[in-house]
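Given below, in the form of structure tokens, are the structures.
Common to both upcoming complexes is chain A, partnered first by chain B, then by chain C.
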Partner chain A sequence: MQGLRLAYNYLRIGIMNEFQYRANLYIQILQTFIALGTGLIGLNLVFSQTSELGGWDRTELLAVMGVFITMGGIIRAAIQPNMERLMEDIRDGLLDFALTKPADAQILISVREFRLWQLVDVITGMIVLGVALSQMNWMITVWSVLAFFSALMMGAVMIYCFWLIVTSTAFWFVRVHEIANLFEGLYAAGRWPVGIYPTWLRIALTFIIPVAFAVTVPAEALTGRLSLQTWLGALTLTIVLFIASRTLLKFGLRSYSGASA
Partner chain B sequence: MKRYFDYYTSMMKISVLEQWQYPVANYFYMIGMIAEPVIYMVVWSSVATQQGGMVGGYTPGAFAAYYIVWTLVRQMNIAFTPYGWEWRIRNGRLSTTLLRPIHPLHEDVAFFAGWKVVMIILWIPLAFALSLIFKPELNPTLLEGVVFFVAIWMAYLIRTITLFLLGMVTFWTTRVSALFELYFAAELILSGRLVPLSLMPAWVQELAWFFPFRWAFGYPIEVLVGQLTMTDMLIGLGMQLAWVVGGWIVVNLIWKVAIRRFSAVGG
Partner chain C sequence: MPSVISISKLAKHYQVPEREAGLKAAAMGLIKRRYKNVKAVDEISFEIQPGELVGFLGPNGAGKTTTLKMLSGLLHPTSGSTSVLGYEPSKRSHDFLRQITLVMGNRNQLSWDLPALDSFDLQRAIYSIPRDEFKRTRDEFIEILEVGDLVQKPVRNLSLGERMKMEIIGALLHKPKILFLDEPTLGLDVTMQRRIRTFVAEYNKRYGATVLLTSHYMADVEALCKRVIVIDHGKLLFDGDLSKLVEKFSAFKTIGFTVDSAATDWSQFGDVVAAEGSRVTLRVPKEKTSAVTSRLLNDLAVEDLTVETAPIEDVIESVFAVGKDVVE
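Now for the complex of A and B:
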């Protein structure tokens, strides 16, 4: 309960902070449109040569793109900024200020930053998804909607856990900025369903960097491809990753000695 | 002439020594960069397989060759980012550069040329691994190899000059990120970075002639992957030379006006 109140307050502060820089909203809108435009051009080029890719047709891949943009927005609004701040705080010894507060360390370090304007991506992604769904005369059922949102939630939690694991290594290796760069490169693979990649890459994108669960699985839920097994698999992996990341963070915090104190 | 030669050799030496200290950082940077062509390669190879083995004149093996050569050209393409100009101007870093009796463009060209040496050495094992996995069809002739070698350095010069020009906009306004984003999106599409230009609609291919992008990216790859006739290769080299010379003249013209707007703090 206290955790929720804490998250709410940080969210409020984050939003007020962003409102000081309203011009950034316009820049964000432009960036989103450019990214959307290049994405659509890529999609059109592929489908000017073929009518389906790895068993997915054009509108289905448009849905994948919608999920990809939405999830990218969630990551850049709420996950990545917190993890980057954690990395910097570990390096500069500023984490002392968070650790001395009487709240759960993991909750605190996960809610401190929020980039409101990134939600432009979330909204745009949802619109793209809506357009795709209306084109494929999709039968709306309670189950598919539930499956989609639960898969999206689990995907976001998995990406968060992955980031937390990577960031926690900053307790031992200080230079991890390049790993963030690596994540962005690999996340781009989620623009296409992971089924089209060679096996070794598909395994890496499923279990090492959970891009498959973050983008492909929610899209599968909407296009009627998701089996109960996959859904249960996602649930299991989410729980495993969550426990693993929390354990690693606790372990890392024990070896944190602060730089300034 | 000797003055320039000495400047370039010492600047490149400094940059090699500096970058060689961070092999791991450079490697992570490179792997993050290689994810992009691998994605394109997989997508287009599977399109080609579905369409009976060939699309737009490319077989899966030819796509593999295109995108593996892509990774080398991309390394050659790295130049001082226009986003860095704001930092250069605000921190007064430019003051130091201005004190030297040499045009500041030379500093960028020499520093990044040295860095390339490190990057190419680090790139070789990665290219080897990619070739084992994706089996490119690549049989360049000696002539193509030579033209490619010249073309990638010319491409590097073109990109350095165009990004330098773009960066100079910062002398007039600091709200530049929107402009830069548009520029890079145009580059992605018109250079052959997203897909080989032969897969683009005809009007896009014609449009690409008038921009520097393809001469700084797609053209060198096409030379090595080997679909160009002798005439095409010569025309390409000519276009590259024109962009380098023309760009250098424009840089000089604008620089004279731009530098008057610069007032430094510290340095």
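Now for the complex of A and C:
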């Protein structure tokens, strides 16, 4: 399986690269704790006024926060850096190198970058999630764990596809860097279960930017709210988004002209 | 022998947005864009045999890079046909890509923060090169280019020339049969240029690879390529031996000599390039060279007379100045 071998080799290179910049680790830890701190304060403020929010109690929302931090870490470790590099390469013409390699272009452009220190967020998120689960009265079954991890995985794939679709537009529009900021702003909405938002925003966060599937749905799985229907819906959307993003990338590559030398 | 590269009536047109300068025109561009059709490559045809080293010449914007990109599968031609090693490049078949390489002098593909050795390893994974074969090739290249002490340094700490050597090693580890080299010696000093040239020649000899090279340094082309293809404004101007090109287009020769006699009006012999003290340099039309030379030797007491062909740079320049019609 050449794809896996490529991913592994790029991962190795990415990790070696990150080891060169130890300061980044400390900065990342600091950032994670600040984000965690403000998140917890926000949560406490809300629950000093009320005992539940849109049907979610305090520990359940802590679980949502855990998933939010974990997913954010995954996105910033593996998805966003690759997409930002793709944008730059399209603009600078460096994509030439990737395209003259005997490998699937999509795999190649998706595994080239890896930010190891972002895993601090993934671990922290998991710890928050663990604390939340230990405080919950609900019995966790093997099924709910399986549902959680599958939902998390599908969520990550959907976010990846979303990014790829947006990034592929760079083939025609060249400058799409502002997208990164836009995404971060909208992703922040995932801190709360999408159910608490007005309908229009909920629909946008579900089908346009799949934040609902990336954060709320995995959290639903762990808190016993996930229906088979939603799970199948997530699976369908994952497949649709994947095919759409791959097709768009293919079209983009066809019209890629590269920056002239 | 069948050709390894064969292109016929190959063309690439771009739609380039254009507008007047200024803010108003820029704002108008948001609503309605005007496009200009630019023929970057305009129906060129040529064939290259296995093992040939061909120089691809032309001024900036002539269409060299566009052609190389079509040959390496990066760009889809607007029309015409391309065949490289029997493949259609734009299909980007993995079997095809495994046998070619593209080196661009102004771009890097090695990981900036890591020693080149780590990046080489990545190439091994990308091209699925067996481990021992990879080691053998890598060490062989490192030895030829004498970079043994550099491969463990982070690439960012290397000089431009050292980095280019690493780029070339990285690009050739899979032992491609066809090399597309786009300005591989760009910005390098003379010594480094020579090292890269020697290496390309050596690789060509050892592996019988076909090389298509673009360069602004005529020394590269003179040293490596017997055959040159000249294009300008997307059109083919010349395809043949470098010596023929020189013969055909060097319309002038340079005559230099030392003379004792008092000031003479040298312009009666030809264009005066320089007349400093007793040393005079004249430029005369090729066909008049022998007549002028004998007049100088017989009528005046000249010494150290030399006759030189115009430098190849000047020749190329005159090719572009003359244009297509005269060439045919």
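Note that in this section the second predicted complex is superposed on the first by the 257 of 261 C-alpha atoms of A that agree within 3 Å, B and C clash if a C-alpha of one lies under 4 Å from a C-alpha of the other, contacts with A are read in each partner's own complex, and residues count from 1 in each chain.
To be clear about the criterion, contacts are C-beta pairs under 8 Å (C-beta built on N, C-alpha and C of every residue); 3 or more make two chains touch, one makes a residue touch a chain.
This one's a predicted model, so the numbers in the text were calculated from it and none came from an experiment.
Shared-chain residue A:Leu232: touches no atom of chain B or chain C.
When the two structures are aligned on the shared chain, A:Ile243 is found in touch with neither chain B nor chain C.
Legend: residue contacts after superposition of the two complexes on their common chain; A:Ala189 is shown touching chain B, with no touch to chain C. Once the two complexes are laid over each other on the shared chain, residue contacts for A:Ile15 go to neither chain B nor chain C. In the superposed pair of complexes, A:Leu53 makes contact with chain B only, with no contact to chain C.
Listing the residues of chain A that touch chain C in their complex gives 2, 5-6, 8-10, 13, 16-17, 20, 92-94, 96-97, 99-103, 105, 108, 254, 256-258, 260-261. Taken in their complex, chain B has these residues touching chain A: 24-25, 28-29, 31-36, 38-39, 42-44, 46-47, 50-51, 55-56, 133, 175, 177-178, 181-182, 185, 188-189, 194-195, 199-201. Of all residues in chain A, those touching chain B in their complex are 23, 27, 30-31, 34, 37-38, 41-42, 45-46, 48-50, 52-54, 175, 178-179, 181-186, 188-189, 191-192, 196-198, 201. Every residue of chain C that touches chain A in the complex is listed here, in rising order: 14, 65-66, 69, 72-76, 92, 94-98, 100-102, 104, 106-107, 109, 111, 113-114, 118-119, 121-122, 125-128, 154, 182-183.
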